[in-house]
Structures are given as structure tokens and as C-alpha cells.
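In what follows, chain A forms one complex with chain B and a second complex with chain C.
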Partner chain A sequence: MKSQIKQTSSKEYTATKNACKLCAPLGASLVFKGIAGAVPLLHGSQGCSTYIRRYLISHYKEPIDIACSNFAEDTAIFGGGANLKIALQNIHRQYFPSLVGIATTCLSETIGDDVPMFIREYASSHPDESTAPLVHVSTPSYQGTHMQGFHNAVLATVKTIAVTGKFSNIGHVNIFPGMVSPADLRYLKEILIDFNLPFMMLPDYSRTLDGSLWPEYQLIPEGGTTVEMIRCSAGAAGSLEFGRILSREKQSAGKWLNETHQVDCHHLGLPIGIRETDRFFQALEVLSGRPTPEKYQEERGRLIDSYVDSHKHVMSAKVAVYGEEDLVVAMAAFFSEIGILPVICASGDRSGYLKEELARVFPDDVDQSIRVMDNADFVDIESTVQDAKPDLIVGNSKGYAMSRRLGIPMVRIGFPIHDRVDASRRLHLGYRGTQQLFDRIANKLIEYRQLSSTVGYTYM
Partner chain B sequence: MSNIPILKERESQIFRKGKKPFDMTCGKHSLAGSVSQRACVFCGSRVVLYPIADALHLIHGPIGCAAYTWDIRGALSSGPELHRLSFSTDLREKDVIFGGEKKLHHALIELIHQYAPKAAFVYSTCIVGIIGDDVESVCRAVGEKTGIPVLPVHSEGFKGTKKDGYKAACEAMFSLVGKGDIADISPKSINILGEFNIGGEAWMIKSYYQRMGIEIVSVMTGDGRVNDIRRSHGAALNVVQCSGSMTHLAEKMKEVYGIPYIRVSYFGLEDTSQALYDVAAHFTDDPEILESAKELVRGEIQAIYAELQQIKQKVRGKKAAIYVGGAFKAFSLIKALRYLGIKVVLAGSQTGMQEDYQTLKEMCDEDTIILDDANSLELSKYVLEKKADLFIGGVKERPIAYKLGVGFCDHNHERKIPLAGYQGMLNFAREVFRTVSSPVWQFTPKYLSSTNSHHKHPPGPPSRGEFKGKLFQMRLP
Partner chain C sequence: MADQNEKPEAIMELDGLDPEAVKADLLRVYPIKVARKRSKQIVVNDVGHCDEVPVISANARTIPGLIGQRGCCYAGCKGVVLGPTRDIVNITHGPIGCGFYSWLTRRNQTDPDASEDRHNFITYCFSTDMQEEEIIFGGERKLRKAIQEAYDNFKPKAIAVFATCPVGLIGDDIHSVCREMKGKLGINIFGFSCEGYKGVSQSAGHHIANNQIFKHVVGLDDTVQKGNYKVNLLGEYNIGGDAFEIDRIFEKCGISIVATYSGNSSIDAFANSHTADLNLIMCHRSINYVAEMMEKKYGLPWIKINFIGAEATAGSLRKIAKYFGDQKLIDRVEEVIAEEMPEVEKACKEIRPRTEGKKAMLFVGGSRAHHYQALFNELGMKVLSAGYEFAHRDDYEGRKVMSSIKVDADSRNIEELEVSADPNQYSPRKSSEELKKLEEQGVTFSDYEGMMPTMKNGTLIIDDISQFETDAMIEILKPDIFCAGIKEKYSVQKHGIPLKQLHSYDYGGPYAGFKGAVNFYKEIDRMVNSKVWGYMKAPWEKNPELTATYAWD
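This part shows the complex of A and B:
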């Protein structure tokens, strides 16, 4: 086994060329966008918020306001306390928020700002009711990637807000879905509602980042998990937390609630593919005491039916997949069900667990090698892809240049998708999301064969 | 919309043309907590230097700044495409403690070896000065070792505004100027400054000048080359567009090399023609230049006139909001929109100066809103209040417009369509038409409320028989 899965990590230092990751404050901002009435506030330079807004807007195609404490030269010398307080005050005066999520940046972290102290000072000098709860998350961009920023913001929010309590007389559940699409979030909610399970999903940007037109300007777009519900997360009957890699980390919101408030946590992979989705539905059956609704059994049935109908189109296809580690692991699990070999599994993250988690998915009888690359950038990935010559590239839109240069077709998943119109509407999770992925991948392979044939087949 | 609050500290940066005397604050650091549309010093430098296609652009700092500026602009190159790659020293926690000089040195050597650039720009990000890296000395050492210019760009994000970033970029470029051979440069020659070749605009502008018999020594920085910049001091005149970003370089070249400069704009028929005539006027000893300019203008306008008039019939009477980076662009946009019969009801910029706003005020109609360093709430408030049909801005403004049911044209660096020069004006008019005349607006809350009936059946699609699909023939370069 070990010899089959190669890992090209712990390389000697080289510059990062076309990064396959983003910085931590982006992930944190996204989480705060998924809380009702929340305003994300980056404690650092103006550019941080503007660049992140631009990057998110190009994917979600929605207005995304992220405030900034906007350091100036003297701020960096005397500390950012005064600026942070002005920023908080102005956000309150203009947005009337129900929560302000403060994420630090490399600048404020490097000068050693004591943000928790600033927050205490602000709160004590603004004791009135209109002052929103303030959540602080430490997100220096020199630590981890956008995924750490994301998970840490979820954890910080729960830690700051959760007390105990219930918002429903039936025991509710917490669900921490990770960084998935608005369509995925909507589907998860549909499932939970169909199981008759009251839930607190954090974050939930399914409406805030994918909403309808506005009759009037909205200071903060509607939707998102309410602070009240997050407060009750400590009194939940259980938590569901997605991400095999996340489950290996020391800290997570699910773990903290378990350790501090004895809320059981079901650690699951991102539910992509039959097996991982089955596990998710089994957990829901346990938590709700109900069988899986027929609707989902039918979705599962149709998915397996399509697996069978189209298995030869995908069998033995070689794929290069990249993105966040948890997404890569989940996609690999799905590929293992349909005979696709992910010859390259790459990520810009480096939790250190990627290889082990992939080894669980691909047991010893795999007779071809899989190249596992963590801490990878797109120049590394491209040269590996060139060498391995996969049939398909699967990942976010930043791989397009590579796909074009190498003439290898690509299927876009995850974040960001900056060159297609439906990033928010792409579904990845559950039986329904897997169905979409399966169809898209099979069709792409068929299309490529059709295009490369001289015959011009009209039946495939 | 009265329900959108305006911060008191921002009031002096908002002006409504009317009876009140003009008094507008600008050039200020953005207010903390106000969601400014501005970026930072680094952004200013990056945006100016980005199109130099045969230089290495290495961003020294943690990963964010490099990741967010990877291949984000439509600045085209006719040859090398190094500018479309994103390089970062990707500093980590231990570098923040022990310093990042070693990594910087290592990264530069590695990248110069691998990509053989003609020069390297090293952008400092926020934390570089704070952790005490001596970027200058690393650059000097690597320059000596590799034999190419390695230029530090002092672009720490928080050390000023975007304008300071422009200046830092100009300083870096200026250190290249004067290093090349100028023996064979014609006395009838210019540098084109502040033109970034978005969608191939610089190529169009260049061809105009070449047809007038003028040699282009360098374009800074569209489709830019290090060697052209090195010999740019051989030109007789600097022709500066986007004056906010490049005037500093033009001033320095005037001071050191005695090269005069003029300010121009290539947006709209009027300004483009004026630019060509102004350049011709500089070369009075050759009357043929002015004659060819006149002929060129005539021919170019003739080629697009009929379609422009058709579009004008379709879009006249609409109202536009403009929010752009530099105020100079707003002047041209107002004129170009006016040409199409469109009235500007809001005009603003991220980095305008007092005299720019004075000019804006003079150009605008009564009751127009003028904004400096606006935030998204202010933009929304006035777009709604002024009932704009069209918003002209960049990526961050687009969703604001769309959410409110307002058409949008991208006039920023991310677009793929050239909007400069004569063909560019036609492209712009087509863009305006495609957005304001789209039938989709009939389904928006804005339209439904304006017709005072939420249940009214939307009207049928507008007839566009006379266009015969011509407007949809836009090709990507």
C-alpha cells in the first residue's frame, strides 16, 4: 500500500507559483456571511477586505460587504485598537448588525494586537442592547489556508455564542457542513426538514449568497443562521460535522461542543458518493428515530441505476482531482465506487492527514499508483498532470489554464468557479449532488470521446 | 432610499450639485468600518506593473495577496505571458518570527533561473517591513548575481492609499528608464503611459499613432516589455492616460530627461480624437502628422457612425451612475454617455483629487451626486434615489447594480472587451445597449414597482428587427 501511494510533500522550500489555496480571512469571512444579520470585519489593511470581496463576488455573483478596520501607517505603530473600535462603531451605525465577526489578518497578528482585549473594551464602553455580539477569530494568512480560517471561524462563533438551550421541543441537531455551495446547503436543509429534525446549520449562506433581487436595498442580505439558534447549539441532541480531515484535527466546533457541553458529534466525510451519503443518512435516522424518507431512497436508487447504466463510460478513467483536502478525500471516495482512479490527488492544504485518509479509501488491491500532493501549487500540479496524463481534470476553475494547455477536459467543482455562471447552483452533496457529479463527469468523458472521434457518432 | 444611513464622517465626501458652494473632501484614508470599494497600496502598484509581460512579479508575503491577483486582468500580451502567473514567497509563521529574507532570496534565484525574466519586481506586502526584512539588499544581491534588474516595490498595503501604490510602481519603473540604447529612435516618437492593453486597447492606440507616422518607443505598461521601458527616455513626448497612476513617472521623466508630457484619454470619440490632435500638435514641424490624424479620425468615425446612431436611438434618455478608480476616466465616460444621449446622475471615484471633483461638478447636470471613496451602501442609496438605469463600474459594483435591477457595464481591468478608441466606443455602445435593452428587467421588482402594479403582465419583448443580430457579433480577442 505505502509504495502505491506516493506523497510529494515536505519538499524543499520553493516559491509558491499559482497557489492552490487562499488565505485564512477569506474562509472566516464566508462563515460570517452565513450568520443572519452578521457583518464580517477584517482587522487589517483595506486591500484584504476588497480583494476578498472581489474574489467571493466573482464566484457568488452577489453583493458581499466585508468591513475593514483599515490600518494606516500610525495604526501599525501604535496598534489597531482605536481603528477597530471606530470600525465597530461605524458598522453599528450603518448596518445595525446582529453579530460582527472580526477576523484578524497577517498585519494585525504580526504587530501583536490584543483583539480580545479591544473587544472587551468596546463592549464595556457600549453596554447598550444595540451592541451586537462580537466574535473574534484569529486568522493570520501565514497560518494554514482558507479552510483553517473557515473552520476556526465556525469554532470561534460557537465558542463565543453557544450557551445552552433549545429552540424546539424536539431535540435539535447542529450541522457543520464545511465549505460547500449554496445549493448544497439548501439540499441539506431540505433533507433535515424531511427528517423532521430541527437544526442549526453553521454557516448557512444559502440565501445570503444566492438570493433573489431586492425590491429595496438590504443593508445585510436576508438569510443565515440566527444568533439565537447558534446560542442553542450547546443544548443540541447531537452534531453532524463533515470532513474526514477535519475530524483528525485537534479542534473543531463539533469537538468543542462535545467536550464542553457533551453534545454527541457524528464525524462524517463530506457526503459524496453512495457510501458516505449512506453514513450521513444513517446518522440522521439515529438522530431523528425515523427511517430515510422514500424520496431519498428513490434518489439513491436512481443514482445506483445510473452508476450501472453508465459504468463503462467511467470505468478505468484516470482523473486528477485537486482542491481542499476534505473535498479531495470525498471525491476520491466517490471515484472508488465507480472505477475511476484519481491518479493525482492534490491540495494546497497540508494537514498532514491527506495521504492517510486517501489510503483508507483506496485499499491495498489498487494496482496503480496515486500521487498524493499536499502543500501543492498549480505549477506542481500541472507538471504532475502532464506526466500522469489523466483523462479528466476535476477541481475549481483555477485549473482551467492547465486543462487548456494540456488539452485535458475538465469538470468544475467546489470553489472558486470564476468562469461559469452557476457556481452557487452546483450541487455536490448527497445522492442528488453525487448524481449531478456523476452525470457531469460521465458526460464530459463521453463528449471528449465524441469530439476526438473522426466518425461523429450521434449515439454514445 | 432614506433608510440607508450615511455616516457623518463621510458627509464631506458626498456632494450634490446645486445651490450649495462646492466643498468636497478627498484624498483621505478610508474610514474604518465603512465598506470602501478601494483596495490598498499593494493594489495600486500591482495594477500598474501587472501588464509588463516579460518581468517576474514576485509578491513577498503570506499567500493572500498573490492568490487574489493571479491572472485577474484582461491585460493582453503579444508575446511572453509571465505576468499571468502568480508568484509568492508564501511566508509562514516561522518566517514571521525569523524573517523572510532567506526565502525571498531563494525564491528569486529559483524563479529567475526557471523563467528567465528580463527584470523582477518584488512587491512588499503589509508585514514585510514589520518583520524587518531588508528587501532592498536582497534585491541588490540577487540583481548582481543574476545580472537582471531586481526592483523592490514599496507597496506595503497599509502605508497610504492606492495612489501611493501607483507612485511606488512609478519609482520602480523609473529605475529602469535611461538604461537602454536610444540611438535609432525617431524624433517623432512617443511613450504611451497609463494604457494597460485591456482587451488589446494598447494595440489599437498604437496603430493610430503609427498610422500618423509616429514611433512608439514604449507602452507603459500594456503589453509592456522591460527593454522598451529602459529606452523610453529616447521618446520626444510622454502621452499620459490614466493620469492618476502615471503622472508621477511622467513628471520624473520630465525632470530628469526633459521629456514633456500631455494628458489624454482614449475613451469616447471626442477624447480619442483630441488625444491624436494634441499629439500631432506637438510635432508641428511635420504638418503631415496632423493631416494623417485628421484623415484617420474621419475614416474611423465614418466606419462606426451608422451603428452608433442606431444604438443611440435605442438607449437615449437612460440615466447612468459611474463609479470608477480614477476621476479622469469619469470625465471621458460622462462625455461618451452624453454622446449616446445618456445622462449621468451619479459620478464618483476611489482616488479623485480636489480639482478632479471640481471638473466633475462643472461637467455634471444639476442635482448630480458626486462621491469620493464611496461604499456600497452609499452607491446603492444614490443609484436608487436617482433611478439610474445603468451602472458603470468594476466587479464589486456589478452585483449592487444587478440586485437593484439596474444594467451594468464593466469599465475596469477585468473586462475582455476593448473600450478605448473608435472601435472601443462602438463596443461600449453595444455593451450599453445589451444591458439597458435586455428584456430581463421586466421581471425585476424595480420594474414592477415602477409600473405600479405587481401583477401586471410584463410587456412582450422589445423589437430589435433593425439590428439583425449585429449587436451580438462581439468577438473575444
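This part shows the complex of A and C:
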């Protein structure tokens, strides 16, 4: 039977009620936190930096400093050039940054500030070597979501830094993982090291946003991709870029490096599930000229073994999944491997590619209907969930109210997770991440069945 | 009151250090102009004759690039003052970020069962989610539709609209849309021009919220509620259930609350609040405007009270009883205090030996940095340094300096409502002789002493502290506990110093009233006596002191 995929393309209502997306400068700030010694700077009202800091911090539970050019009412009228320059000067005096990532807000975008010109003026009036590279990314909240802010910041960083030449000839690869957890980033690095493959991963907030206590005071938390490595990205042997939706967009860091510097780009889905992870490891084998290390073959083996052993617990379960489009597509691919039906696939994004990418994931023999919702908010999602009555809700903390009201159990993935303590340590990617997802989902289903059983059972 | 120095020429001392040297250390990194400005906002406390304190610069713009903790005008208006009211549908007019970040992030608790209709919209986050086309062509149409939808979905009693940065710039007239929709739908609909770039902090938003609530809601319902000793509790936002604890104590005493601004509040109570006989102010910074206006228009006076700290709670109750002057209430209040205090004293006696002499710093809000010192005093702890995020000079130095505060351009842009006595609704609750007599008995009206006169000499008062200065203060003074918010929490704890969140209470509370005091003592005991910091260094790390303590070495 042909798969029957319904798309609810836009919200029924004009207003957004309980949004399933965040704003663009948040994504950009996160990218800059993954660059060693970098300070993110929001050009606009101080409220934006404060709100974004408090929100990111409630997820990562780590220090996150984001500077601001602190517009006042007259700045909004006369323009923010002077404020930006003062901010840059003060940041240099306090933090000695190795890079300043400047993301705009609605305020500076609406008044039409010419940030590239301000940066040129600042650079020419501060010709000394201590001035850090300044990366500018345009991130008004009225265009796109936090994901666009994230990807645009990665692209802007590569575009600004990689043009300065000084290519490496060590045959390293670039990896653009997208917005994944610090645990995911750590695991990706472990894999690349095990393949003996030198790499430049952008961003890498695995240490800056998931660090230990400080024996000594740190101006900027240690860790992150160095500016030097990002410079070398134009001379890499190849790039790996995650995200099926991202691969459909006109622009990305991987595409730009390919078009401008002829660096081959492997466009892959987020490696969740066996098949997408297999593709990732195949790409690594090609790039490194080495076979997949035994450790990962074993991980893969254990994962499939558990698929087999625990299939009875997950098969035919109906799931509602929501979040960033690329995460939803990757999760759907994984669900399709274990017999789970993602009856609702929802996102606050609206690239326009969600339905097509999900259709590629599901082979023709899927005989259940799947509701695909983009540009969705939680009020839309909840009414659809109420209608479809899935067994499980999978997504970020913002779905908890819905899960509680409808009495449907929930597994938390992605961002934001502010009602659990392990947001940074949650693994989603690769064989190991898939194993954790699989176990959590299977256990949650078992737990719920135990709870709702009239007799109660302990042994299976 | 602070200890008066016997010898005024004595050198100031801050935990064994020279506070002026500490201040110089904080300013060292800044360019001259920045250092000059900051040096006026960092003051060594020196309480002189008649509680005279040094001038501090406050409510001034944050210097770009100094990572501060302040929010914006919208945050103060929508997030702080109107956010906790459960039965107004709040619509954020703007792009998605602002609405999302102010969605249930302040832990205001509410009790929907307290209203007949059980309306509770706190859990919803409405936004017009402006897109580029609205930025270019205007967003009024979308706003109108959003209001209609909110009405169709929920049939609320009231809808409030909050403007974000782009709205003011593109010239959307939210007030005319609100008027139009109010006419059409027949419910109360009003707007707040609280664009994020207005003022210098969330303080501007508090003022705008006060103005609009006063203009559009207060005085609409003259029904006199049943009950004795009717008061409004202003500037209590029911974080962690603080207002519930105060309600409990008031009920025990027989004091009736007409309206709380705005913890656990309903718009009906605001509309009726002018019928109370006394306004009590908790957070002076965020709410004094509405108290001043109510006094002028309706004739009910206000007094400053504080329910943070058991002694402060008892003192505040006595003050209220004295105001009403009824012996029955005075006696009842004493009975309640006598009933409640033993449990507090028992907890304090048990915990205090473990907290005595420990050092605290507080950088929070516009009143909490002051109020919470009462609890630390009860635990025998020393406050080395304190400051506010968004307060004005009167919150530091006391209202006596208000006439000398220079109004700058940022404050002038925030509307001051012209208010006069209402020909029908004005009725002075006390005659001027009665007020004078009460003043003589120590019930001071329309007054707030401020934080600095209550602090020790030599302590460092820092307004709008930056993240950089926070880190430096910790390095220099090594306090045992630091009180601030979530933005500072994890950076302070990286240094091995616990941080108590006084915005969200670390998901605990209540800390107000008598039961709250006990909760706070226990929490501070847990934090300052935690063993976890001792595990920081591994035994194999080169540290002779530590390895020597292991028996097998």
C-alpha cells in the first residue's frame, strides 16, 4: 500500500500559542559558544542577551556569557554603530577573545544597521594584532527559527575565517554536526579519533557547555574549536554535514566550502538509527581509508541484538515526535527500523522540505497515515495528539504539559530540556546514541504498561 | 540599623581587606571613561548621622560590552508585573523569541480555584510571531486577528497586549487596536508600550505596567468586600508560594487581602483594590508607582513592610496592627507571632552554630538583595557586599533622596501619569492628625529606608554588577554563599562557591513568612555546609596537604 502522508502545512490560527521554536540569535549564540575563546555579542537590546543566556543556561547548566551592545531608545533612533564599537572595545579589554561572534537582533535589523560597515570601521581604527576576528551573522527573529540562526552562524564563521588562506595539508576533515548535545559532540570526536582522522568540528561546545569545576578562574571556559582550525577548513580533504533538511537548503557551510574551495561535502542525515549511522561510518571509511574500528562494529552488533531481543516491546507503538525538522526526520528514520509508527511528526520550522524528507524515510509498505505538521505550535500539536492517541510522546521539555494533560508518557530528547538534570549528557547520535534512545523508549513503554496494568507484573 | 563607628576616622574594613582597594581592583581592567562611570556605581558603605549614606549612581545605562544581568522593559512589564495574573490573556506582539523566553520562566504560582471561572492562562504563551512581511507592512492586522482568536478560544475577562522592540520602530499603534477590539468584543483590552529598548532595565517596564493597570483596571469595581482590616499586598509575586504563606499568616491574624500585585492575582481583585484601607509594599522598586497613584486618587496610604525573615515578618504584622489601631487585632497578631515563633527559633537554634560567621553576597532584583539580609542576620551570617540589578537610588539610599535624583533622558521617556483625587471615589482613610500620631508611634508612611542604611560600614555596594566583576568579587572575597539568579549560578559554582537563586528560589520555597524562614535556614545550611567541594581535587593530584590526610599514604 502507498504511504499516506498528510501534511498540515500551516497553523489553523494566526497567533502562535506555545511555540515549538526559539529565535534565531539563540542558535547563533550557541555556535559561538563552541569556538575556543570566542565571545558571542548580540547587537541590539540587552533583553535579548539576558533572555537567551537564561534560557540556554537552564538547559546546559553551565556559565554562558553573551555580551550585548545595549541599545537605548536613542540608539534605536540614531543607529547602533557607536554602541557596537564600545562593546567590542570593552569585550577586548575584559576577555581577550580569540573571536567575537556578532549576531543581530530584531531591533538592529529593523532599523537597518549596517553591521559589516561598523566592523570595517572598528577594524580600521583598531589595527593592532590584539583585535580578534569579528564574525557577523544576520539573525532577526522574524526570519526563521533558532535552527536558521545556528546554521547561518556556522556558515558566516567559515566564510569569514576560512578565506584567510593558510591551508593545511594534513588531510583533515570538516564536520558540521548541527545542533546536537555536548555528549553527542564528545562521541563524534571519539569516533573521529578512533578513525585516526584529524578533524575540524564546528561548533564544538562539548567542553565549554559541559565542563568540570574550575581549579583556577577562567575568563572564558576552556574547549571549543580553535580559530586556527576553522581557518584550515578550506583546505580539508572533505566535509561531513549532518541534516537532511539542511542538505536541501541553498546555503550551508559544507556547500560553501565545496563551491568556493572545492572541498567535497558528504551530506548525511543526523546519524540516528542503524542506516543513517551506517552511512556516516561508510563516509568515514572513505575519508580515512580505514575500516570501521572493532569497537563500533561491536556497538552496532549490540544495538541490532537489542532491536531483536526487545522488538516485542516497541513494535507497533505509535509515537508523536516534534522538534527541529532535521531531528524529526532522523528520529522517524530510526522509528521506521524498529516498527514504531511516528503518527505525528511536527516542527515549528517551515523549510518546506519536511514532508518530502519524511516520505523518503518511509518505504511504500507503510500502511499507516502519518500527520506531518510544519510551522506548528504546541496547541496545534496537542489537539492532533489528542486525536491520534499515540502511545508515547518524544521531544523536548515543552511537550511535558501536553503529556501530563493527556496522560501519555514522554521521552525527552533535543533542546530545550529544562525539567531533567542530564540535558548535556543525553546521547542521540551513532550506534551508542541510538542504543540509549532505544533503551529509554522501550523502558518507558514497559514502565507505562506496568503502571496501567491491573495485575502488575515484575518479570518478563 | 548599622553599627555606628565609634571613631569615624577609623579605616574601613571588609573582611580584613581595604574595601577601597577591592574597588580599585574591580575597576582596573576598564578604559578610563568606563572606570569613571563604574566607580560611581561601586560604593563603600558609610552610614553617618541620621542614616546618611554615600551617593550611589543607579538606574543608569549599562555600558555596552559589560555583560550585565539586566533584562529589558518588556521583561519587567510582561514577565514580572503582568505575568503572574492568571486570568488576563497576555499577547506578545512581536517576533517569537520574547514571548517564548517569558513563558512560565518565573515560577509564579497561582491558584485558579480561587476564582469562580477558574481561568488560568499563565501556562499559555501567545505571540503574534511577527514575520518579515509584518515588519515591512505593519502588524496591526495580525494583532487584531490574534486578539479575536484569543477571545474566541477562551472568552477571557481581559486581554493585554505587549509591544516588543520592532513594534515601536515600525509604528504599529497597539493602543488603537486595543480600543477598537475592546469596543467590538466588550471585554477589557489594553496595551503596554514596553518595547525592549525603553529605559535602562526592566525597571521601565514595571513603571509602564503600573501605569496601564492603574489607568485601565484599578477603580472599575467599587464593591466593598467582606472582612476586616482590608489591605493590598503590593510587589509580592508569589515565587515559590511566598504569597500563599503570607495569605496563611494574614488569615490567622484576621487581616483581609483585597488584591495582591500580582502573585496569585486576578484582574477582578485589581479592579477592586482601591476599596482596601491600606497598601503594603513588599518590592518597593517594581510597584511603588501604583501605591502613590492610589493614594492620590483614592486616599489609601501605603507603608513599607517585609515578610522575608521571621523577625521582619513579626515587625511588619505589628506595624499593620498599629495602623488599624484595634486592640483586638494587636492582641491577635501577638498571639500569632507567639504561636509561630517557637518553631522558627528551634530551627534557628539548631542550624545557627553551623552558619554563624559565614559570609554572603547578594546581587539580585530591586528589593531582594535588601530583604534577604534579614534571613542571613538571623543565621548569624555576614553580608560582605550587595547590590541591585535594576533599582534606583531611593532603593539604596532611602526615599529621602528622591527629590535630589536627577531625571535623565531614559527615565523622562517613561510616562508619569497625572493623578488627582477622584471626586467620587476619594476618601482619606485616616485624618492628618491620625497619620501624624501614627508617625510618632513609628508607623512611617510613604517611606522606604533603603538598603544602605541597614548595612555595615565598609561593605561594598555594587549597582548593576557585571559578570566580570562578579567573578572578580568571588576571587577576592571568597564568600561562603552567593545569591543571584540562574545566569550567575553556574559560573559562581565553578569557583567552588554555592549560589542560591533568589529569583526562582532554585525551584524551592516559600521563603517568606515564618514557615518560609525555616525553609530558608535549612536550605542555606545544606548549601554552605556541603561536602561536595571537598571532592574537587583527586587524591593523585599533587597536593601534599590532601594526600597526607589519607591513612594509606
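In the analysis below, the second predicted complex is superposed on the first by the 445 of 460 C-alpha atoms of A that agree within 3 Å, B and C clash if a C-alpha of one lies under 4 Å from a C-alpha of the other, contacts with A are read in each partner's own complex, and residues count from 1 in each chain.
We adopt the following convention: contacts are C-beta pairs under 8 Å (C-beta built on N, C-alpha and C of every residue); 3 or more make two chains touch, one makes a residue touch a chain.
In this text, all values refer to a predicted model and were calculated from it rather than measured experimentally.
Of the two partner chains, both chain B and chain C are touched by A:Asn90. Looking at the shared chain after the overlay, A:Ala401 reaches both chain B and chain C.
By the document's definition of touching, neither partner reaches A:Lys250: not chain B, not chain C. The interface of chain A with chain B overlaps its interface with chain C at residues 13-19, 21-23, 25-26, 41, 44-55, 57-58, 61-73, 75-76, 83-84, 86-91, 93-94, 105-107, 110-111, 140-143, 145, 213-215, 217, 219, 379, 401.
For chain B in complex with chain A, the residues that touch the partner chain are 1, 3-5, 7, 9, 29-43, 58, 61-72, 84-93, 95-96, 103, 106-107, 110-111, 125-127, 130-131, 157-160, 376-377, 380-381, 384, 395-396, 398-400, 402-405, 444-446, 449. Those residues of chain A whose C-beta lies close enough to touch chain B in the complex are 13-19, 21-23, 25-26, 41, 44-55, 57-58, 61-73, 75-76, 83-84, 86-91, 93-94, 105-107, 110-111, 140-143, 145, 213-217, 219, 379, 398, 401. Interface residues of chain A, counted against chain C in their complex, comprise 13-19, 21-26, 41, 44-55, 57-58, 61-76, 83-84, 86-91, 93-95, 105-107, 110-111, 140-143, 145, 211, 213-215, 217-219, 221, 379, 401.
In the complex of the two chains, the chain C residues touching chain A come out as 29-31, 34, 61-75, 91, 94-103, 105, 123-132, 134-135, 142, 145-146, 149-150, 164-166, 168-170, 196-202, 409-410, 413, 467-468, 471, 475, 485-487, 489-491, 493-496, 536-537.
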